[in-house]
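First subunit A sits with subunit B, and in the next complex the same chain sits with subunit C.
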Partner chain A sequence: MKHSGLIAASFALPLLIWVAVSYVPGLWQPYTLITDPGGVSFYRVDMLVANEQFASQLESARSKGLPLPSGIRSNPVYLPAPHDVTRALYTSFTTPPARRSEVWFHQSIGHSVSIIFWGFLYSCLLGVPIGVLCGAYGPVSRLFEPFVEFARYFPAPAFGALAVAILGIHDAPKIAIIFIGTFFQMILVVANTTRRLDNGFIEAAQTLGANRVRQLLQVTIPGILPDLYKDLRILLGWAWTYLIVAELIGTSSGITWFITQQARYKNFDMVFAALIILGVIGLLSDLILERLGRRLFPWQRQNDGVR
Partner chain B sequence: MIKQKFLALFLILGMHGTVLAQPLTIGYSDWPGWVAWEVAIEKGWFEKSNVDVKFEWFDYVASMDAYAAGQLDAVCMTNGDALVTGATARRSVMALINDFSNGNDMVVAVPGIDDIEQLRGRNVGVEVGFVGHLLLLQALEEAGLSEDDVNLMNVPTNETPMVLASGQVDAVVAWQPNSSQSLKMVPGATAIYSSADVPGLIYDTLAIAPESLDAFPEKWAKVFQIWYRVVEFINDPETRGEAIEIMASRVGVEPQEYSKLMQGTKFLSQSEARERFAATNDLNSLQGSTELANRFNLKYQVYSESQAIEDYMSAVLYEGQ
Partner chain C sequence: MALGDPRVSPSQPKLALRQLGKVFDVQGVKKVALHDIDLDVQSGEFVAIVGASGCGKSTLIRIVAGLEAASSGEVLIEGKPVKRPGNDRGMVFQKFSLFPWLTVLGNVMFGLQDQFREKKDRAKAALEWVSKVGLEEYVSYYPNQLSGGMQQRVAIARALAPGPKVLLMDEPFAALDAQTRKLMQQHLLEIWRDLGVTVVFITHDLEEAVLLADRVVLLAPNPGRVATILPIEIPRTIDGLQREKYGAVFETQVKNLTGELVGTIAADHE
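The block that comes next holds the complex of A and B.
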């Protein structure tokens, strides 16, 4: 791996910035965390005040001869320090459910993953065949694509209430949102990939007397498979971006419930921990699929991926 | 072959659909008066009393949507929102009063502004058309001001702490946990008015679908009895700590943080709640409070037809005791 240094750097850089902003005094830290209110009547321990505000109160306490307040420089609550997030990451997994009806953190994540899985599966089962047909046959394309081009601008969350009315309050409406969010794009992307297949293959098959069905099954589909696989990998990432809106519909569940609830109570270390987990799951699954792709389509190796 | 595959696909699709609901399904969300149901759930009181109910945890707005879509038999909502949901989608009957807000809803102002009168000509961030707006109007009226004397800015309640901290407004109106977050984020900010000044402006209730209340009176009566077991459990100093622990865990915060939110919520005993069903014109009754909410909703065109208040409430569960 000749680029492994750069790959490491691509993660190290943002991490370094985060560490610097969190720990290097004076680099940012626009707030002061009160450790001792001193003589300032409205200060409380653990209160966050702007540095200038603190400076002026310190000055006025000094001039009035009151006990001086003290505090440490700190960042806004929205940017927790790396060690807080690491601790949150650890405790979120190790804290057992406190109530009978509660689940472990990894079970919440598993629930979210299953929503993505089913939504994406249904989307593939319908979207891929339609996309291939659109790409292969002009009339099919003209029948489907104009409407799909129109429908893909529909914001999937707008269908939330309708999905609940039809499909209930549990997983089904959430799966439906993932489906709506990926299905229309999938048709267009797959159709485009199908169209890009080298026309020489089709012409050769026609010359050899293949009928339309055989052209499709034995030339077009095998020909586009590696690209189709790549498309689906990208579209799967797309499905993940719909997870948060999908899980807000119906009963609160999965990792979204965790993120929105912790954000509401301003526990941003927990929120960051959850975001990191989402990123790790996405990245890992994509890496695995990429490796798998290389196994499945070894002839594509030369022009696949970043060079 | 193809037919079989399609059949299989439909079977998979069908698995995600809901089975026709047999137990009573109740939607609840993050407000202390409703989170309290968690005590009964955790303690297994419904199973022990042989009542087949299923509590479903939602975001507040999502729970009202699910009720409106006909997916729930009952939902926990405020009296004002019961009117809105009824006028726009599906009527409900408020048959149980959990609590009224007693300080959890606040007008939080930046330092230097100590009372409502000083808001004259200032910017106030509030979610227009919701309970916070109602609270603000009440506050202005008491101070001899009207809405025209302040400059309203429409702000989602979830964002009020950030908006107040940004310095773009001089006050915000919010309920918990956003109200205490607003206080925390702006040094010296104070609550210049709160629902404790107008107890009874916002009642939190169990709003039941009229057809379900009619069809399963015994089941609802048992749910009703269990609720008052919960209230006793919360009000008993011996068990209050355990109750708060269960509730805090439901919303994912530390118990000591949660106990602060409990103070702004007035849990009503069975007899206190019964009295609130009397017909009065002031905020001491559910009717008077709902009447006010109805006028407010009409004025701000949340809906266009005045609602028949008496259709929205029933003391039938209290009378059966």
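The block that comes next holds the complex of A and C.
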């Protein structure tokens, strides 16, 4: 790959900043981690205090002749160091569930993926055909699109309570949120992609005697397929955004449940580990889909011909 | 049509345009694009239509193809009026408009669905057409793997495969480089001779028109109308197909045509 260096750099750069902020003394480290409370009555070991406050307590202890507190400079608890997160990545998978009602980390991930899968699948099954028909036929577009334009401004999370009331507290309302969040956008995006198809193809098909059904099935649909595929990849990213909201409604579940649970105990290394997992799943699935796309649409390859 | 049909006279034109008119409505203002076009094209004839830009030559061929509706008059194919696109008129577009998701063979097969139910019969017939344009080695290539000239040859094979009565060509070689254009002109003439197909050829290149056509129809702009119809009587000397490009007669013809074309533009500006 020609740009592999830059691709590596795009990941190395944020990582480098994170490492620098975490390990280079004094670069940020706005807090002091107390190792010895000394004569300061309210200090405890492992307490984090602001540097200025520590300095003034140190000064007052010195002036009162009390034993001096000591501590090391440290970052806030919400910014764990890379090695903490690496360890958390490992322990998150190896820690058994705390309670019987809870699940393993990988099961949480699996649950999240299944919510995305079903929500997005239903959205595609309905949204793609409607979108294609809207793009291909003016009257269909005029029938559907004004309402869809209106409906797409509904924030999907606002349907949370309603979805729970109608669909219960388990997975169904979560799937519904993913569906609502992507369905209306999908109609508009797919319709637009369909409209962008070069009209020359339709005209060529007409002069070759193709009727409307053949024009739709053998020209419009294969013609938009590569772009449709790209649209769906982008919309799948949106589905992940709605996942976080979807998993908080009803009974909290999946990776979001894991994140909120860990944040509650201030296990921010675990939170970061979960975020990294989310990023990796998203990036990997997109890479796989991209590779798959190249196989599915061989005519899009340019550079192996005779021109 | 059966032989001995009293309606079919031997001189019945393959394609006839009768008082063809087209009026565009541009934001409430009526603009006459074509006015009373009358033209007969005989079976096996090669007719080129030329004219200054904006004279409606593309609109004209699109109406003949059925891609646009005429405002008045009619288009007759073997005496029968046609309004909608159909595979009795094959069309070759300037930008090829090959289906990029289909191979060369797939593109040519597209127009054969009415004739052959079985896919394998379609493939067989399409292969013959691909061979006729000399691309049998490339049957499984996708259009974007081919050069412009090759793509246009596929487009010609695709247009001819359903057996149209007329082959309509809308500036088919305008997007090609000079060298390829020359080869394609020769190639087209060979196909025209071998198949005896009737060709209506739009071009803005007067030399190309004089080089290829039996008759050249010059359209004048505003409104688009037939200014003159010029039979080209230069013998086809090269392989009995092409004309000597630098002969005196050729140059006179082109010069005359250029003069007339410039005349139509000048008249428009008065």
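Keep this in mind: the second predicted complex is superposed on the first by the 297 of 307 C-alpha atoms of A that agree within 3 Å, B and C clash if a C-alpha of one lies under 4 Å from a C-alpha of the other, contacts with A are read in each partner's own complex, and residues count from 1 in each chain.
Basically, contacts are C-beta pairs under 8 Å (C-beta built on N, C-alpha and C of every residue); 3 or more make two chains touch, one makes a residue touch a chain.
Quick caveat: nothing in here was measured; it's all calculated off a predicted structure.
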When subunit B and subunit C are modelled together on subunit A, clash or fit: fit
First, second, both or neither for A:Leu225, with subunit B first and subunit C second: second
Dominant toucher of subunit A (residue count), subunit B or subunit C: B
Angle at the Cα centre of subunit A, taken between the Cα centres of subunit B and subunit C once the superposition is applied, in steps of 10 degrees: 140
Touching partner for A:Arg214 - first (subunit B), second (subunit C), both, neither: second
First, second, both or neither for A:Leu275, with subunit B first and subunit C second: neither
Which of subunit B and subunit C A:Ala205 touches, first, second, both or neither: second
First, second, both or neither for A:Arg264, with subunit B first and subunit C second: first
Touching partner for A:Phe297 - first (subunit B), second (subunit C), both, neither: second
Smallest separation in angstrom, by C-alpha atoms, between subunit B and subunit C in the superposition: 23
Subunit A-facing residues of subunit B, complex: 9, 13, 16-18, 25, 27, 30, 38, 41-42, 44, 56-59, 62, 65-66, 68-72, 111, 158, 161, 177-178, 181, 184-185, 187-188, 190, 245-246, 249-253, 257
Interfacial residue positions of subunit C with respect to subunit A in the complex: 65-67, 84-87, 89-91, 93, 95, 97-102, 110-111, 113-114, 138, 141-148, 150, 158-159, 162, 168
Contacting residues of subunit A [partner subunit B, same complex]: 42-43, 47-50, 53, 77, 98-102, 118, 122, 125, 160-161, 164-165, 167-172, 175, 248-252, 257-258, 260-262, 264-267
Partner subunit C, residues of subunit A touching it in the complex: 198, 200-201, 203-210, 214, 218-219, 222-223, 225, 297-300, 302, 304-307
